[in-house]
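In this document, chain identifiers A, B and C correspond to the written order of the chains, with residue numbering beginning at 1 in each.
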Amino acid sequence: MASSQSVGAEQRLSDLGIELPTPPRPFGAYVESVQSGRLLFLSGMLPVVDHKPKYVGRLGQELDTESGRDALRTASMSALSAARAHLGTLDKVTRIVRLGVYLATSGDFFDQPKVADAASELFESIFGKEKTSVRMVLGVASLPLGMPVELEVIMEVAE
Amino acid sequence: MASSQSVGAEQRLSDLGIELPTPPRPFGAYVESVQSGRLLFLSGMLPVVDHKPKYVGRLGQELDTESGRDALRTASMSALSAARAHLGTLDKVTRIVRLGVYLATSGDFFDQPKVADAASELFESIFGKEKTSVRMVLGVASLPLGMPVELEVIMEVAE
Amino acid sequence: MASSQSVGAEQRLSDLGIELPTPPRPFGAYVESVQSGRLLFLSGMLPVVDHKPKYVGRLGQELDTESGRDALRTASMSALSAARAHLGTLDKVTRIVRLGVYLATSGDFFDQPKVADAASELFESIFGKEKTSVRMVLGVASLPLGMPVELEVIMEVAE
């Protein structure tokens, strides 16, 4: 059986039956991706479907850990779609460098790592364990349009 | 009429009648700019004039959206001034890579994109649409010295 | 007397009598360091000892400025240990590029720069003033497992 090293990300996506959404559109005067050298920076990705919030609220208040995980998976799908729109194919991704996970939380929500793992696990299943990123997780006061999660991604890509 | 591509950033600044303030000074044991390869990292820029806060307070509480936009414009001017101090001239900027916009908000302020656009629009008017950045916006609990906004910038610069 | 430029980071550590802890272990599906080109990205470092929180609580509430400084020093030691584990030796660090300092604060805690300086000063004493970083400081709603501080580091390293 082929290891994750010999199977490309696009093949993995297809094997997993994952169909990416249409690329996200900005909510303001910015773009969704900028490449400098071999680093691809993506804008903060939100849990939107068709440019509309899929979730609104705060973790530990209106929303629980499982909803937070689903919201972050949704944001992750947007990130993958934005990266593919930039690169043509996700097979060009040589490393996930950094995930920034920002969660709108009530003061007493401390389950951040479990929510953040929803993004890390999805990326790992597609790019393989050897491309796993560093990670930064914060509980914040609020996110654009009242959404509960935001995901920032830096990837290293083939030249 | 010349397009933004053929007119340099310094000329645009001058055409717009924008005079940059003196470069910001650190509030602690850090520097305002570090370049590594072609990436220029700036410290988090605050809405200060002459090293003193121009605004103190939280968006959605003591301060409204328009004050937030003005505060962020002030922080953006400091960022431009710090970048020029580092580079000699803003004409060396080849791309705005990333804007991180951090807003001290009350829990129910969700107008973050509109405030963040104040920075994005200023940068666009100076560097042109083709150099527009990715963006990350967060509502946070507090910022240094009680100020309402902080702006982090990564630029790509000519070698 | 030798200047900081001629003395390596490992020698400085030893001169200062600082012994680094064992490298931190992740709290989820991520790794502690990723290098891309000459940039070394570290995960958000927490004030843990033996994988357990040394501090829990919020600055300006359960914890004061001095506890915040000690917590951030603890997180900084983890960052140094993670970097050494990646590089083999801290003498390969050519520049501290960026420190991101995230503090779980009550709404009315504005002493962020003084807390953040605990990290900056430690790095300066080891790497020398000429390698000082840019810095970004935020007061956030909550951090993983209820800890009061988190530190994100980007270093430039020799190839």
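We take it that a contact is a pair of C-beta atoms (placed from the backbone, for glycine too) under 8 Å apart; a residue touches a chain by one contact, two chains touch by 3 or more.
Note that the coordinates shown come from a computational prediction; the quantities given were computed from them, not determined experimentally.
Visitor: Given that chain A is a copy of chain B, what angle of rotation, in degrees and a multiple of 5, matches their CA positions?
Guide: It works out to 120 degrees.
Visitor: Examine where the copies chain A and chain C touch and state whether the two sides share over half of their residue numbers (same) or under half (different).
Guide: different
Visitor: Using mean C-alpha positions as chain centres, tell me how far chain A is from chain C in Å, no decimals.
Guide: Taking the mean C-alpha position of each chain, the two centres sit 25 Å apart.
Visitor: For chain C, which residues are shared contacts with two or more other chains?
Guide: Answer for chain C, listing residues that touch two or more other chains: 37, 39, 104, 138, 140-141.
Visitor: Using the touch definition from the top, list the residues of chain B that touch chain A in their complex.
Guide: Against chain A, chain B makes touches at 37-39, 95-99, 104-110, 112-114, 116-117, 120-121, 124, 132-141, 154, 156.
Visitor: Flag every residue of chain B that touches chain C in the complex, lowest number first.
Guide: That would be residues 26-34, 36-37, 39, 41-44, 58, 100, 102, 104, 138, 140-146, 150, 152 of chain B.
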